[in-house]
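Two complexes, one shared chain (chain A), two partners (chain B, chain C).
== the complex of A and B ==
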């Protein structure tokens, strides 16, 4: 694959992870500081299976999703009913624990060397297809009964509970689904880069995703996608100044949080634009009809 | 004798964790959010202490006091940039989270740019690095850690429970609106609390830098302080103290029995088990949220 195709594919992989982050923060208000650990888990599950057995990519990715969901369930079960701070800190601790575990089980996972020699099967087309499929799932989730319950929980947990929403169940469900999606992106990454190593999945990566979602606007899926794409391209454009890029991103985040607390896109989606156009056109057409009549 | 040695090491490590946890939990108790930028303040002050000691050739007490003051000022600055406006506009807790974690990353990267990602180590402050006492080996740095942590914790307790500022901080931690109505200058007290927390962070940062080596990711040690403060009960001052000691002891014993690499995994599992049994922490109370 040439440079631009690889860039496109890796942005797709990143956007899948950002979609899962959007489900957690934007929809439900769960603050997961160690979400990258699920990506790590997914990447290792896929990597181990792909290196040891010759199986099609679909199964490799499916295994990543299942393992990610399992881990999310185990971590989320005792934690999700506690306050936001506990969830944030414990997921952060989980991220560190996963990295430590992978570094020290070198006979299975290769330790700090990671796993090499995963076949490169992810093409740009497949990555785009998976991204669209995940996007479809997330949009439908947002518009479904569960998505609206999630938004109610985010806005006020107590009043959501008093309306008869089973807060803990919905939160755990979202956490598990988001864990699965993040692990899926990890599996995709393993098939793209052909190697996995534990150090790339620290908390700074999770914080990166969180800040991307916040810049776009935590209520807007479009915002998350657009800012995810922009901040995916930016590191390549500013390759000569990598440390300065992080500083610039931090400054943007702080400015956005202080002066536009709802993010750049606020609560607007791209579909709102279509709806607006449709309304304008239809009112224009009906006016014309009235004049003609 | 061997266990006594472990106990001593555990307590001296635990005292540093307690120091981190106290700085972290002070902010939690007044603003009700987890201050992830505390790690950034720790790193910056550890490097500044290194500059004071290495380049300017200061002696140990001078270096510690000056870097503590600088750490406090940086913490105030972080408060002013990151949280002042949020507090005035009543921003949601999520915004505090993002703001504080971003500030933490920002400080860490500023250090990485200025000093590059190399490892540095503090110059030797003491002629002898350890001494024997009845079969126990005591490292001088460990002893210093223990003594200075104990002193700073006692000063903190004195300030919190015996002075006017302390009363205001505790009033603010109970109810910020009521405190405002009682004529407490909320902005000033919040800035003051950040200063105190920054001083604690700077002292712990310098000790972490002396104990390990200096690198930009040193601030990740703040995670230990966070775990300690959850163990003790979030927002509970004396709980943070017990939590830090407990975590230090647990880590030293685990390192001894299962090895240092795998210890974070064991601490995490024990921590989750602890939370299942007693989610409110050692001395914490759950205050049920009201509508």
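== the complex of A and C ==
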């Protein structure tokens, strides 16, 4: 694969993970600071299976999703009932624990050497297809009763519960689905880079995703996608600036947070634009009809 | 007439403070009952105990023949209890229609797979619920604000929206916590008419906390008076108006004595 294709594919992989982050932070208000650990879990699950057995990619990715959901369920069960700040702390701890564990169990996971020799199977087309499929799932989730319940929970838990919403159940469900999606991105990454190693999945990665969601606009799926794509391209576009590119990236983050506290997109989606156009056109047409009449 | 809500010997302590102490009261089916009392009398705490936000230290709450003591908020909601809050608690990021729809969403019968795969059942259920929500909005007179954000509505309308949301859960008993707080006199008049209309249309018994005696006396059939977490008096509006203990608790003892001397 040439440079641009690889860049495109890795952005797709990252966007899948960012979509799961959007579900957690944007929709439900769960601050998972260790979400990258689920990516790590997914990558290792896929890696181990792909190295040891010759199976098609679909199954490798499916295993990643299932393992990710299982981990999310186990972690989520006790954590989800806590207050937001404690959830952030515990998931942060979980993330670091997973990395440390993988580093130290060299006989199974290869320790800090990671797993090498995973077949390179992920093409740009497949990555884009998976991204669109996940996007479909997340949009549907957001627009269904679950999305509305998640937002209700984020806005006011007591009020949500008094409407009959089972707060803990909905939160856990979102956490498990998001965990599965993050793990899927991990599996994709394993098939793209052909190796997995634990150090790449520390908390800094999770925090990167959080900042992407915040910059795009915490309530906007479009915002999360656009800023995810931009922050995927930015490090490459700023490559000429060498070490200064980190400074440039930080400056952008600070500017956005300062001048647009609700993120670039605020609460707007791209579909709002379509609706607006439709309104404008239909009102224009009806005016014309009135004139003609 | 049978009772929709029976509370017996209900108490809760916060540390050494007995916020609600040994309260026993019955709410008749098909009527409006009010709870009044000075600030800090434990009225809202009592509501929070009934609706499951707090767990009582002792005592029992029986809703429509079922023991709901110590159940979780959402379980009690599904058993037929709906409430509004003293300081309005709406969902700011959902528009007015969807605020109402959350109550129906909690009762919508499609599962997560049908939701994320976008199967037709989801669309048909959501469409039905959205129409139903619109119906409740029309009832409280907010029909044309369906796509506004609640924050953009004036205070009085936010109160009505909260009422519509509580109604949409199709409760067997409606708890209203100071629904007229912060409303101007015209809005209060409107609210009284609205409550009367809702009583007529839905036949839901209502339990009301209110400071404005105008509302309490016009609407309620039975009044309970709380003071320092304990039940001070109960009776019909006419009985409460002339009850010395109640007047003393509200106006203060000394005033009362002075008035008596004056006579």
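In this text, the second predicted complex is superposed on the first by the 273 of 293 C-alpha atoms of A that agree within 3 Å, B and C clash if a C-alpha of one lies under 4 Å from a C-alpha of the other, contacts with A are read in each partner's own complex, and residues count from 1 in each chain.
We take it that contacts are C-beta pairs under 8 Å (C-beta built on N, C-alpha and C of every residue); 3 or more make two chains touch, one makes a residue touch a chain.
Computed from a predicted structure; not experimentally measured.
Asker: Go through the superposed model and pick first if A:33 touches only chain B, second if only chain C, both, or neither.
Answerer: Only chain B; A:33 stays clear of chain C.
Asker: Have a look and say if chain B or chain C is in touch with more residues of chain A.
Answerer: B
Asker: Touch test for A:103: chain B only (first), chain C only (second), both, or neither?
Answerer: Touch status of A:103: first partner only.
Asker: In the superposed arrangement, which partner chain does A:257 touch: chain B (first), chain C (second), both, or neither?
Answerer: In the superposition, A:257 contacts chain B only.
Asker: When the two structures are overlaid on chain A, which partner does A:66 contact: first (chain B), second (chain C), both, or neither?
Answerer: In the superposition, A:66 contacts neither chain B nor chain C.
Asker: Classify the contacts of A:161 with the two partner chains as first (chain B alone), second (chain C alone), both, or neither.
Answerer: second
Asker: In the superposed arrangement, what residues of chain A touch both chain B and chain C?
Answerer: Dual-contact residues (chain A): 158-159.
Asker: Touching chain A in the complex: which residues of chain C?
Answerer: Where chain C meets chain A, its residues are 51-53, 72-74, 77-78, 82-83, 85, 89-94, 98, 101-103, 105-108, 110, 112, 115-118, 122, 126, 129, 165, 169.
Asker: Can you list the residues on chain A that touch chain C in the complex?
Answerer: 136-137, 140-141, 144-146, 148-149, 151-152, 154-156, 158-167, 173, 177, 219, 267
Asker: Which residues of chain B touch chain A in their complex?
Answerer: Touch list, chain B to chain A: 28, 33-34, 36, 81-82, 85-86, 89, 91-95, 97-99, 101-103, 105-106, 109-110, 112-113, 220, 223, 226-227, 230, 234, 259, 261-265, 267-269, 271-272, 275-276, 279, 289, 291.
Asker: Over in the complex, which chain A residues touch chain B? Could you list them?
Answerer: 25, 29, 31, 33, 75, 78-79, 82-86, 88-90, 92-94, 96-97, 100-101, 103-104, 157-159, 202-204, 207, 210-211, 214, 218, 243-244, 246-247, 250-251, 253-254, 257-258, 261
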